[in-house]
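Below, subunit A partners subunit B and then partners subunit C, in two separate complexes.
Presenting the complex of A and B:
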């Protein structure tokens, strides 16, 4: 266990170092691309918090991303608040909306939950799309002013990285805590979870609010990176895309969605310069993953590790329990 | 401790339970027997809150608990196992029991303390007592059917119940596994002083560990008495035990 942890620390430090030096060695476009990937990755991770770890079919998760971004944008540009206040209001608005939509949908299970959630999310999208005076309608809101320190690409890049890392860390801790353990229990077996005394709906609702909050954080980061918001951010196709990211990366793994986001965003960026049918490539990737890697890329990697005995669940130590996820 | 009074439950036009009665005293081991479709599992589902009865009452320790939600039943001290293996399939054996302990300790909303350091001794104590310690780190998918049924019971114990309800604890077990399971149930009764209510097809098991037996046929209670009287009862012999 100790040696395995040691390896993870080294791995994490290397990744951190690569991210830290990126702005000094890469063209500006790639720096923007990395920021976009980690932001989208955070969004997909927040979805997977309820999807892969909670078994909750939150099919229209992007709506909370959009509301987080719009919450900040409207506070800053329409109501003239300090940007920092907008950045805090955005995720809170997303968390609040996820509570409202969650309360309505939670009575239903699985696919029925997902279908109602799509419709309610689309309703929110329709309001944002039509309400020109407040949300800018289909134009969105552009040129959003951000705090001076975030105006430079490097400033916004580091801010994004730090917030994403912090958000991932918090979600990871929650999943490794009893709350997360029980959430995974609910995913596996709702009836049994009730039978051991878990208030399943309350538990799921709290998970939905946490996920909505971090989707809102990702939305704010998009504002920081792009200085704009537009209704497509909460259109259902984005929800589908981030779901695919989680599936491709590995929806039973914590970092899978981040990896999936990297794969899909890169694919979209480079394939769409070659052909306008980039969705065809996406479909192909999805098909291959479903056929050959049903647990996603990272799920497959962990499976190989376990088979080679490098796994995280290998050593039996009586003083400690086993790790979840 | 548990009183079931005139419970009825219908599904559409079909009356699964028809005025069933049952009385379980503290420390007793009581069996519910009856042919397939007699309503045994339905009765257990009503007692544990998964189904709401159409009429009648469930009284536990003097309190009317009819129709409470399942998780509240568990908090009252009633824990159950399931006839068809019903566990947390992607978690390890250890984790299956541990989350039941978490729920019992009211830790379900603990957001930041790491699970791996919590309730470890309590969980191992349960695994030790049912004999699953060696399999603690295995993911449940790799367990034999017999081990899974024992895990069912271990999860129940995680809730530190006063009343344990076991729905066909030995269903599908091999003879040795059944023997192991019988002695486990007996130990739970004698060592932990648990009150146990179970239903079972295996007559040998029923007569060897039950102190009292309730016989259900077509949703109704025919007799509720000690083993000897049940054996002698004419109606029971006709309905269930056969010719011999």
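Presenting the complex of A and C:
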């Protein structure tokens, strides 16, 4: 056990070192790309927090990403607040919205929840899309001013990296805490959880709000990286794209969505240079993954490790089979 | 008295009629979605894409037959059949192999088809707008209380009840309908008495998709046929199915009525954000009846 932890620390340090030196050895575009990947990865991880660990069908998660970004952008550009205040308001707005939508949907179960959630999310999109004076309508808001320290690509890169690492750490701790265990218990068996006295809806709502908050954080990071917001950030297709990321990387694994985000974002970047039919390519990838690799890349890796008796069977890394309803 | 006269004003009446013709399209699409959801339990988000393909096929067919009345009727007939054929291939090729997966996997699988169909439409028809001419027979408008109401929308108002009745007969009076209703309740029992459930699933899926194509073909003359017309419609269809009760065709009718009317009146009351009204109605309905107005089949 000691040696295993030692290995993980070394692994983490190597990863951190690679990320730290990346901006000095890579062209500027790739630095931007890494920042985009970790931002999208944070979004996908926050989705996996409710979907993979909570078993809640949060089909339209990107709406909180969009609201986080728009919250910051509107505070900065329309209401002329200090950018740092905008950065705090964004995630809080996202958390608040996730509480409201969560309260409306939470009484429904599984698929009903998902379908209502995706529809209400698209209502938010429609409002943002039409409210020209406040949100810039379909143009969005561009050239958002950020604090001076974040204006350089390297500054925004490190800021993004630190915030993502911190967010991932917090989510990981939450999942390892008793709350996380209860959440996964609810996922695995709602009736039993109720029987031992767990307030199922309250735990699910808290999970939804936490995930919404971190999706909002990801939205703010997008503002930092790209200095712009647009309504497509909260369109339902993006929500399903980040669900695909979680699926490709591996549900029920903590780092799977991050890996999936890297795979999908890189794939999009390179496929888009060759053809305009990126959606077709993504659809085919999704089809193949669902048919042949439903446990995802990381899930498959853990499965192989376990078969060889190498892996730990930690809760977060545990891959689950189908059918947990 | 003031409110009463306002309700009876020609503008509002005309808007209600417009809302009802919108209801017809919503009902035709949503009933197909509901059918598939009720029997196969697939939340088919690609249903909107099939609606879009139906509209594009209607465009091509009506062009092929040189517009006019013949072109229109061929479009209304052939476009849904084309969509049904497409769905048949997809069902036999892929869906029939994965029915035992989790809902979320099936949901994502249908999303894969949203992506694929969207790009295929872009490849075949291109990204620009298309318009299907209203056949000469349906052109023009009839005066109602001084307002002019398009004849084509009247035709839609007739189509709605017709489709509803045919669907009722299909589900309640035919053997296949009875089997599919039984399969919705207890699939294993149906298989146990020696019925080929897979074939029943396939026919229900194809009929549901046919309805999506029919909705697309019927709506084609009054909207711009374009990429992205699937995106908003599928969300509306989802909501309709939820407030109606999953799998319940009459629920889909009721939901479409609520949605179509609140939508058209919402635009009248508050042009910019009238779109909020149907959603508000949905939230009100669900806070009293979380599983929809009518009994869901599962």
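We adopt the following convention: the second predicted complex is superposed on the first by the 313 of 325 C-alpha atoms of A that agree within 3 Å, B and C clash if a C-alpha of one lies under 4 Å from a C-alpha of the other, contacts with A are read in each partner's own complex, and residues count from 1 in each chain.
In this section, a contact is a pair of C-beta atoms (placed from the backbone, for glycine too) under 8 Å apart; a residue touches a chain by one contact, two chains touch by 3 or more.
None of these values were measured; they are calculated from a predicted model.
When both complexes are overlaid on chain A, the residue A:195 reaches subunit B alone and has no touch with subunit C. Once chain A of one complex is fitted onto chain A of the other, the partner contacts of A:176 are limited to subunit B, with no touch recorded for subunit C. Judged by the touch definition given at the top, the superposed model places A:184 against subunit B, while subunit C stays out of reach. Legend: residue contacts after superposition of the two complexes on their common chain; A:20 is shown touching neither subunit B nor subunit C. In the superposition on chain A, A:252 contacts subunit B only, with no contact to subunit C.
When the two structures are aligned on the shared chain, A:206 is found in touch with subunit B, with no touch to subunit C. Comparing the two interfaces of subunit A, the one with subunit B and the one with subunit C have residues 322-323 in common.
Across the complex, subunit C is touched by residues 51, 57, 59, 104, 107-108, 110-112, 114-116, 118-120, 122-123, 126-127, 130-131, 235-237, 240, 243-244, 247, 276-277, 279-280, 282-284, 286-287, 290-291, 294, 322-323, 325 of subunit A. The part of subunit C that touches subunit A in the complex is made up of residues 41, 43, 45, 94, 97-98, 101-105, 107-109, 111-116, 118-120, 122-123, 231-232, 235-236, 238-239, 241-242, 246, 272-273, 275-276, 279, 282-283, 286-287, 290-291. Considering their complex, residues 173-174, 176-182, 184-185, 187-189, 191-200, 203, 206, 252, 313, 316, 318-324 of subunit A touch subunit B.
Partner subunit A is touched in their complex by these residues of subunit B: 48, 50, 69-71, 74-75, 79-80, 82, 86-92, 94-96, 98-100, 102-104, 107-120, 123-124, 136-137, 139, 155, 158-159.
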